[in-house]
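Input: one structure, supplied below.
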């Protein structure tokens, strides 16, 4: 099948939706001639013009609010934040406005807004450019939160996000942009709220998100040699969450490890672990383990940066501890 | 002993620290002649003057940044947000600046900043004035998060916060302001990171925060009649968290219920539940339950507003289910 | 327009302003009787701005409003029964009782909503104007906000965006001199807030917000510019709030004398005088109008009282579209 | 001051500017060799602003800087060995290798820090000025930021706060015409960013940011006002960035011709000409200065290369003070 990078598949999803629906347009800093912070929007200005690919000033709160207003009046904006850390400047419009309008207005008015932004560490960009704050948005009713881990998932989920009548946050990962995978050319939708079993296994359920999916798969390869069989589940969408797939897997394996890059404390993995501790308790043969980021700002030094978030070796070690 | 309201005890803590240390000053909207959104700062302008009790424009991001800069250069600002929902506008300064400066600068420079703000629902103020977003801040390394539930705790913890060399978020609760309790007049400190067993019991550990502590105590009274004995633990400070006290209690009771007002999904109760699911697994005789806010924006209608967050009856019902 | 239509127009403006006044006074009575759960922000004294501005708008135009939004909603033709019911938290209200006073909206009719966040509506209005520009609909958006909101970053970012894209939006700052308690003179270091328009290269004008005619005239110019693709305008309407900021306000930050003084410039009385002077109406007719309108607002309270509370399942409805 | 001291002063300004230029060129070489983990933002072409402004400051004064902050740090007297070591992520760096290029700071010496958030440092500078006012220390704070930052809400809120409290802070906008790729002409609808000062009732002035003397003169006036309790000033320094925005910049948004054109106004060459014209130095002396400085920056790279990586336990240090 045709191969695309994660970055290209995101671009293609936007391109195809923009061709299909002229209400879809892009808005963000340097997304035009520069092609966006990481090059995701390269070429789109040429095809769709300045009216639909809008370079904004450095005004995150302002242009996010503009997108909310445009969405409320019938357009379908896709906003890019160069780094997900900058969402922090626009949260009033995302959390107090976009997420609540439909409810506060008693079911009238909707905000079909997509926010795309790369999270994660690994580029040496330090504490203000490397955070993973997706858990924050999962705490807010009225928003959907997506975190694709493969080129295939990225394209199908972004189409779903653009077609969705609600505000959707689409978390990309800097280190995934160059990863390659099979991606059909024709548009397709992956339903929001459906997890994907990335690998079947019998001894331990590993729920991993974003970049951690590939690290978990690597760990699984290693552990196979020691006859330890991991089942790896990628929720793909955090809100809504496919609890059933996770619980079914834990029912089978009796063990759960949740792996995520965000700071372990109060990360979304805590929600997943808690759901299983409540609804899957009788399946459990061992404590629920979480592997998450250390409770430190992300340092710029490469060695420390790597040590700040889970790596393949960490997953192997904890997995062994759980099955033994 | 002398009785004070929760509100008065907070005011007294500020007043005494301002008398003891002229580097302490207040800044926020309408904290002067108006006395602050809920009257907490009433009278302080008269005693300390405009230089130390500063009314700010409606510029949450700006005045929070000003506080960060003042703290970084040696003062000890206490910032008031009229409603905790508005912190959302200032998170860049709290999360990207204040929380990370000491680390990003390699241990040089510190930001002794206190942010006081009321969270919670129950006043009919609707979706943009009733949120409980404390879990967000607990996810950020470099900040401490405090959530007092009684007048006594409020005074001692606020003193600790003001004396602390780090940024501290101090979450008050609108419905607690008028509650009354014993409060010594002389200044005292409650160490940050020490939970309080609000009631001893044997059948079920209930970890409750803020307004939920008193609701849990009420529930315990009711359940006593049915010979169900709850042990109620108030962490008081979410970061750092007193894990030991919680685990010890679960070891004794074998059962855990976590009760919090914030939206259940991704609330701090998920972190507490996950810690016990990992480190207290062998103590558990039953699934870990969480009672949190429904996944909805807070509605203004009184009946619906009440139904959106845990009430005494909910605690009673879930507690019974757990011990039976 | 000829004299008689002009007179009709004036009369309808008067009735709208009076309706806002009487509605707010009824709300104040109900609030004092503790009939509401939650607070509300009254716009008594500021009626001319809402009515003067909205009288210029056409079908398809939009507004964004604030926490002090009852007047804007009524000036956009809101049903006062649904408004009062919303304040009572009843299912017959604009938001089925789930939004309350702070969140009254009627998107279809162009009211994109009140807002509980000071400055929160400003970028949203710019977004609505962007839709109009992209869809070439010729519709304009009016963005209401207070003097205090001009110190929010959202004000700065939104006005700049509207200017560089030359969007059809009119920024209407209702300068009632105070935020909650702070006087605008202590919160900015400039004479007129309208001068902030210069920072964005757009026209700025200060009008007497208690003179409905003045408000209309300047709004007309701004709306015409916007419709013709000539971009945004900042209008500062100087006015004054009579009631406290909200339910709990003890008003220690101003004197009774000041308030009494300001009432001499009451927008409704001024229009009344004008209408009587030009013999458009006589006192008896005015009495009849007032009687009629008070009947309507009392009926609104009755409607609200008779209405049902929302069912419990409403709690879970409308989280997602 | 008399001629000879004046000449000495000029010469030291020249050496500082040259030091910044050579340091940045060395950084660029190291970056091209992929010796760094992470990106960096060079200020080549903008040296006169940093040096001209900081030359006016005294012991105890503070600055806040930006992502493009190497020049500001050097102008504040930073140790280039520690700076280079920081870029290499070594424990001998200003932040023990944990902050990198974006977060170089030296709080004791008055550098309150570079900042990765555009506009993030502006309110922080105002806070430092508030400390000076409350403690009556007579110290001033200089706040550096770019043209793009003037569209951030933090700019608006911070300048307003500084004005209403008349704080001793000087806002220095380095207008190098571009954000990352967007030209400031497309991002604002006004001629001079300095005119935004009017929105806050403070003095605003535009200077030739490539003329170190001009920068110094205007900064002196602003600093004197600030020290004497007469409040903040906004200085717009028009300059130009020669290198790409950061490592990854392909610079498709501007032509080589444009860049070459701009280099005619090079701040260092202009000062060089001036110094030679006034016979302060001859070409040979200049060569010696350049040689000396290049020795120092190469030594900085050597120092960094020889330095140790931080220990793993450094990961957990410094989270809390």
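List of remarks:
To keep things simple, chains are lettered A, B, C and D as they appear, and every chain counts its residues starting from 1.
FYI, contacts are C-beta pairs under 8 Å (C-beta built on N, C-alpha and C of every residue); 3 or more make two chains touch, one makes a residue touch a chain.
No experiment lies behind these values; they were computed from the predicted model shown.
Contacts with chain A and chain C are shared by B, D.
Chain centres here are Cα averages; for chain A and chain D they lie 37 Å apart. Mean C-alpha position of chain B lies 41 Å from that of chain D.
Measuring from the averaged C-alpha position of chain C to that of chain D gives a distance of 46 Å.
Contacts with at least two other chains are made by residues 57, 59, 61-62, 85, 89, 92, 96, 103-104, 126-128, 141-142, 294-297, 299 of chain B. Shared contact sites, meaning residues of chain C that touch two or more other chains, fall at 95, 97-99, 103, 115-117, 120, 151-154, 156-157, 160, 164, 186-188, 319. Because contacts link each chain to all the remaining chains, their graph is best described as complete.
Note for the complex: chain B touches chain D at residues 25, 51-52, 54, 56-57, 59, 61-75, 77, 92-93, 96-97, 101-112, 141-142, 144, 165-166. Against chain C, the residues of chain D that register as touching in their complex are 151-157, 160, 163-164, 186-190, 195-196, 198-202.
Across the complex, chain A meets chain D through its residues 29-30, 32-34, 37, 55, 57-59, 61-62, 85-86, 89, 123-129, 294-297, 299-305, 307-308. Of all the residues in chain B, the ones that touch chain A in their complex are 61, 85, 88-89, 91-92, 95-96, 99-100, 103-104, 126-128, 133, 135-136, 138-142, 239, 262-263, 265-271, 273-274, 276-279, 281-282, 284, 286-290, 294-297, 299.
Per the touch definition, chain C reaches chain B in the complex via residues 36-39, 89, 95, 97-103, 115-120, 148-149, 151-153, 179-182, 186-188, 249, 252-253, 309-310, 312, 314-316, 319.
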